[in-house]
Structures are given as structure tokens and as C-alpha cells.
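Got a structure for you, written out below as C-alpha cells; questions coming shortly.
Letters A, B, C and D mark the chains in the order given here, with residues in each chain numbered from 1 onward.
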């Protein structure tokens, strides 16, 4: 398998516009769940840049449970992400939902995200793998680690060179949190693959108050990076406001993450 | 919601090439997991026709866990399905995996299937909903019934008129079966929606020996139909042979299903 | 293992005061969740007797989630169960929660129940196994079938001769029902053990409206009997009223169960 | 509820023979899964003492899945634990399985453990609560946090003054690990109760190689302590050897835990 540590193809460093993943450092991806407006995106992007983020996230195409929920600004959202990149200098990662949109998204984004709901969507996995862009593949909400690695193999087999994984919570019987963050996935995936492993505590818990603690735990067990939702005004967010950090809490959290990483001898 | 029992749009009879779903009868969809060859498909198709199937199933595009597993005969498989329809007179249902393939599949199939792994693939839900074809939407392996109904709403909202649901097992901690068949979904979905509800005991259990018992249970709790894998030579199947019934067992099972339905006053 | 079909010890008929389990017939255990009062118990007991129950159930010692919920009438409840038996002629099954209570409960009950929450309580399993009484062992809410059979082995190994199993729902991510009824456990357990297998659709679903459909499904997949909660006045029940059938619905359901069993060639 | 942060009864410091739980420090409980022999226990006890453990663990009564697996040395095991305490000066925690054994175990142990398989065993919860001893209550393998807190309430309501909780993994669909460690339980329980919260990464993962990473994560998200299995010779262990740390790895791990705690401003 190409995902395996000692595969002929694997093992090289993963790089997104100069941001290195997996070399002992800690990559912070942050931004709003959804691109809602120019003002909202630029304000949030500046805030996460100042607070120490390495990459900007933001959804232009949104996979919502209900067809009547806000589905994203789509092409207009992509243009705003490009503007935010210009403003902040941060590379941009955004989700793609449809094989027919891969070219359009790849023309703007620096990294293509395949979300949890599409981890089993093999057509999309192949399409992003041939796009030439780095890929961020989230774990399916009920995918075993074996299935997850097979999904990664679809992307690699299609041609992707730069790719990272992201644990984002699995579905269990517990309902206090939105999902259950399965941090043991981090060392397990690192044991089996050369792919860097991130953690998304925002979607996993669904509650902003739990994000800092779970982000610290992710670093302590060896995660190569974090993906966190940050919104300049979480109470006004169109989507997932209850799991978004304010810029202030995000800034404080990043400091804690650095402290944990340094205590464990990582180069930050 | 358009899926609700008393919605303005809903409630009409669902019809696939003259096969009525949901009017008290029992629709039997059967056939091989995958279209493997002309000989295999035509032999299996004839067998299920003789044994009393109403609709033929068979996968041309296959959603496999590994990229190195057989991915289906694709366009060639569609042509074979058309030939099998001509031979048997049975309408054909087959899965579509990619929004870019919807038109091609819809040009041949009498009913489009969205599989469990794509239930959250909203782009595909919208695309099949606009295809003009009846849709068979399987429950996601870890979808709540609420999420499942929302997925149905995506399809209806896009324009589908004829649509049926299908419980096919959910992911739980139990590993003796491939998934856990959640039969309580049948009365629960029927309580909340006008959409007919089928059950697929083959994928749910992953074991042919359990399929007849679970199929009988499905009829006893009110399912509007069954979807079962039948292969003329399960031991030679390229995919899912261990869960495929032989034509003989299938024939015997259909007889039992009719007996249960009649005992409960259903018109078979 | 003593639970296995061809073990030296196993295979004999299971008998509770003349009620045979597992010989092709259908045993109906019914009654209120909890013994609440003399009037309530005797009224419900008479009703289930008239409607065709074979054994009376009723909890004297109750395993409640909260220490502030009604914990049962305890010894007084046992005395009322004895009175109900005298009135109706029905054998009585009731749950025991504490190894220290086994002798007291065994002095009254015709069959000892170990509930789902105590399936892993090995001390209790051994104690009921040595009591000389038939045992009804419910599946733990998150027990694999392998663990369940091991729990049965504890009881058999301690000396029990008459013992039956009971699937009562497992814990999954779905929250519309209280638990998820895993009916595939019925043929799977019957394949591996000589122990009769019952189904409890009342606790599994937690909703009276689903009980008749799930009870029919249980018979259709081969269950050796049903355990159902019936209360003369569900709206006044101190515990689990929302999942209790009225005597009228229970009567109608028993008729449907017999019809399904007969349609499948079982001797009722 | 007595478990709540601002209950009249709650909030005092928890103390086990001078070891304070929950005041910002980090309590390390370590030792073998099972007391196997005098030599094994004393060797392992000395090793964990030297490596910095605060409390010694070891099972005298064992809750095994199969009745044919080693059930523990029972009374003899308790005597050996007393000897190990004398040798090392470490307080001793051990599990009790049967209400009839509570007095015997409480006569020796400094802290009574109720294991995951008995979290719903309300008779045992009441019995340990009246024993006068501090209680370590593990989370049931499929208990919601709400059910877990109710179980704690049973113990407190029966009279316990000193009590701690312990997350030890929940049952999910993932089978690579024995259970799935739910670390979000740590901040969630700390938010809702005054009870200190430990984490047991050994039982949660079932794999020694994952224990250090998960232990570090537990400290990083705020756990008040760790419970870890350490065996002088894991390859010779009668029970759970594959999840036991060697004394060397344990020593190294404790150092890492202290580094993480200090980096986050905790007083170690």
C-alpha cells in the first residue's frame, strides 16, 4: 500500500505552499466553518493570522444535513477565500463536495478537503487525487481506521503527492458531545502510515468549551497539527457557532499547544 | 418537509415500470451484488425471475473499500443489465456513484440506487433527484433516521417523484454480523413518511445463512419489500459471495415471505 | 462449552413449571415492568392470563438509573407476585439484583431473571446458577454475542439446568428508540447454542407503538418466545409506562404472533 | 444531586491515606492487572513505587469474560496486597465484585474499586458507599455520562465521602483498540461534578504501545490522575499482559506526564 511507512512512494515531507506537515512541528489550520460574507471572512482571517494560524480554513460548498440549511456561497465563497489569502498571506484549504467542482475549487484553493461525509465517496477521492493539489482527508464518522487508510490509498493511487489525515470524531452512543473524539487514532495512524495526522476538536465535540482541552490532548498524544473553527463573532455564525472559538480563546489555546509541544521536546 | 405523510407533494403511489411499491404488496428486488460477466448476469437474472423477483439488481459501478478491489464493469455492466432486462422483462435497479455518471446510468436503469456510503453525498442526492428516474436511497451505515429523512428530502426537493427507502444495517460494536439490521426503522419510517420502506438483509448481515430469517422478520414488521443478493454460484462471486443466496434458497425464502405476508392480511 | 449445541450436558428441553421452551412452540411472558401495588399487579396479571400469556413477569427489585427513582416494593413485591400466581396459575419470573437476595427471590419465583445491567456481574451469575431455579439471562446492552454466551456459561457452570436467553436491544448511536433491537442475534444464538432464545421488544424500543411490529418480527425470525410489558393502565405506570401495551393491544398482538408462527409451520 | 459542583455535601477535597485527589496535582495509580503470586506482586509494587506511583493497584477478585479464565487469588490476593503496602508504603486500591465481599475487601484495601462491568450494579454501588472507604468508580463501557453520574450518586447517597471517577474507554465500532478512550469525558465530568476524574489508558486501548501517548493526552486535557497497568514481566502476565507497561516505560511515561502538567501550570 502506498500509505504504508516504507512504501516506495511514501515518506517524503508533506508541504502546502511552504507549510511543512509532519516533521515534528505543529501546523494550525483555523478559520470559520463557513464563508458567510466578505466582512466576516476577512475579519476572521486576520484574527487567526495574528493569533498564529498557519493555514486558513473556510467552507464555500457546505455539506448540510437539510437541503433547506444554508449551502454555502459556492463560487463567490471561493473568490472571497482568494481575497483572504491575499490579505493574510495564509494558504487556504476548503472542502469540495462534487467531482464536477474539483477543477473550479482546485483553481483557487491551496489544499482540497474531503469531508467526513464523503470519505467513502470513491469517485471524489479519485478526482481530488488527480487534481495536483495537496489533500486533507477527514476520517468518516463511522469509518474504521482500516477503511480510512483504504480511502487514503484511493487518493494516493490517483496521483496525490501531498496528503494529510484528520481525526474529527466518530459516532458513538454518547450524545453529550456531537461525536466522540478518538485520539488513539493519532498514534495508531502514525504507526501505520507516513501521512501526517491532524485533529479537529471543533467538529468532534461540537462545543467550544471543550475545544482547548481536546486540542491540548491532541498535541500531547502526538498530532501533527490541529484544525479549529474560529469566528470573530461565534454568536452570529450562520453555521456551527456553538463550536467556534473566539479569536481571544484561540490565541490562548495556541499558546498552550506550543507549551505542551515544547514540554515534549517538539520543535515549535 | 416533502417526505412527511401529509405533505402537499407526498403520498402518491410509487411506481417503477409498473411495479407498485407501498400499496400493501411486497416487492422483491434480487440479483447479484455485481455484474461480473454476461453469462453470470443472465443466469442469475433468469433464476431470480423464475423464483419470483419483481426487479433485478446488479452493480455496474461498485463502491469498494480498496482501490485495488474489482471496481465493476461500468459502462459494459450497464449494457449487460439492459440485455438482462430484455431477456427477463424485469426492470433494473443499479447504483450510481458519481454525479458525472448520473445521465449515463439513467439512460439505462429503470431505478437509480444511492448506496449507504453516499447517503451523505448531497451533490449526488441532488443529481439523482433531477434525473427523472425513480430513486432507491439506502440508509447510511451510521445515519440516524432523522439524517436519513433529510437525505430523502434532498432527493425529493430536487424533483424526484418516485422514491423508496431501504434499511440495510447500521454500524455497531457487534462484529459477528457485518452490520446490525435495525428493523425498528421500518415502522418508524412508515410512521413518519409516505415513502415505501425496503429491507436489505444481505448487506446487513453479510451472511447468507441469516438472510432468510431476517427477510421474514422484515415482512413481519411491515416492510414494503426486500432487496436480496442472489447469485447462481455464490462460491464463484467476485464480490460478497458469502452473503449471496443460491436461487434455490431464494425461491424457498420468497415462499416463506409470502406466507408471512398473507398471515398478516397483506395482499400478495 | 456447556452452552454449545452438542455439549455433553446440553440439549435437554427447558421447562419452567410445565411451560416448555424451545421445542418449536412460542412462550409468551408478560406483565407489568414493576410490581406497584396489589390492585395493579392482580389486574394486570389477570389481563395477561386472559390474553394468552404463559408466564407472568413483574419487578420487585428494580435496577433504576437514579437512586431517587422508585426502587421497587422488594420483599412485599415478591409476596404480591406469589398471590398473583395463585390467582392466575401462571408461573412467575422476576429479577434479582444482589447475590444476597438470591435465596429470598428463589423461594418465591419460578424463574430468576438476570437483567441487562447485570449480565457482566459474574458473582450474580454464579449465585443464580446455584439456586436450583430456571434462569432467564438477558443480553447486556453492549455485550457481544460471544460475551453473552460466556455469561451463560457462568450460569450453566454453576449448576443451572433450565436456562433461556433474551435479546433486549443493544446500545447504538440511534436515539429515536431506547435501544436497537438486534434480531439477528436470534438465529445466531440458535445456531451456536441449545439455549432457547426470547426477545423483549418493550425494553428494546422503549415505545409501545413499535412493540407489536417487533414482536411479529421476532417470531418470524425464529424466536422461541417473547417477553412483553403489559400494564392495565400504562398512563399511570410508575415505571416504563410509555413502553407498556394495554391488555387489548397485547391480546391482538398475541393473535398476530400465532398467525405468523403457524404460517411458518410452527406448532402453536 | 450530591455529585454536583455546588451541592451542599460536595466539594471537599478527596483524600486516600494522605494522597490528595483533585487539587491540581496528578495522582498516579499503577500496578499489575492481577495479583498472581507473592513474588510477582512485590516485584511490580516495588517497581511502581520507585518509578513514582502514588497508589498501588492489583486485582484479587477478577471479573473475567469466561468462567474458565483465572478468577484471581481472592482472599489470598488481599493478604498479598497488604504485604505489598507494608513493603512500599503505598496505599492499595482493589476491585470488589460481590456485595458479600465488601466487608472483607474493605478490611484490607485503602480504596474500593467498582469496575466498568459493575457500574450499573446498583446493589454493589450502595454496598461500597456504606463501607466507609474511598471509592474508585469506573465508567461503564457503554454508559452515558449521565448514567455514570447517577451511578456516582448511588455511592454518595449511600454515605461515601471520598470518591473518584475514572474514564476507561467506551465500546464503539472500532476494533483496533479494545475500547475507545473518550477523553472529552474528562472536561465534561469536571464541568458538572466536584469528583476528581482519572483516566485508565491501559484498559481503554488494550495495547501497551498506545498507553504513554494516551496518558499524556489525559494530563493535557486536565485529568486529575492516571491508572496504569505495570507488570515487571508483561510477557508472563496471567491477564492483560499485552496492555501492561514495563517498569522502564512506566518511569519514562511518568516523567512525560509531569512535563506536560508543569507546562500547563499544574503543581506537581
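Just so it is clear, a contact is a pair of C-beta atoms (placed from the backbone, for glycine too) under 8 Å apart; a residue touches a chain by one contact, two chains touch by 3 or more.
Keep in mind that this is a model prediction, so the values were computed, not measured.
Should one ask which of B-D and C-D has more C-beta pairs in contact, the pair is C-D. Looking for a copy of the B-C interface in A-D, A-C or A-B, one arrives at A-D, which has over half of the same contact pairs by residue number. Note on chain placement: the centre of chain C and the centre of chain D lie 34 Å apart, centres being C-alpha means.
Per-chain CA centroids place chain B at a distance of 48 Å from chain D. Touching of two or more other chains is recorded for residues 142, 146, 171-173, 175 of chain C. Remark: chain D residues 142, 171-173, 175 touch chain B in the complex. The part of chain B that touches chain C in the complex is made up of residues 142, 144-146, 170, 172-177, 180-184, 186-188, 191, 204-205, 209-210, 213-214, 216-222, 256, 259-260, 262-264. Within the complex formed with chain B, the chain A residues making contact are 63-68, 97-101, 117-118, 120-124, 126, 141-142, 146-147, 150, 153-154, 157-158, 171.
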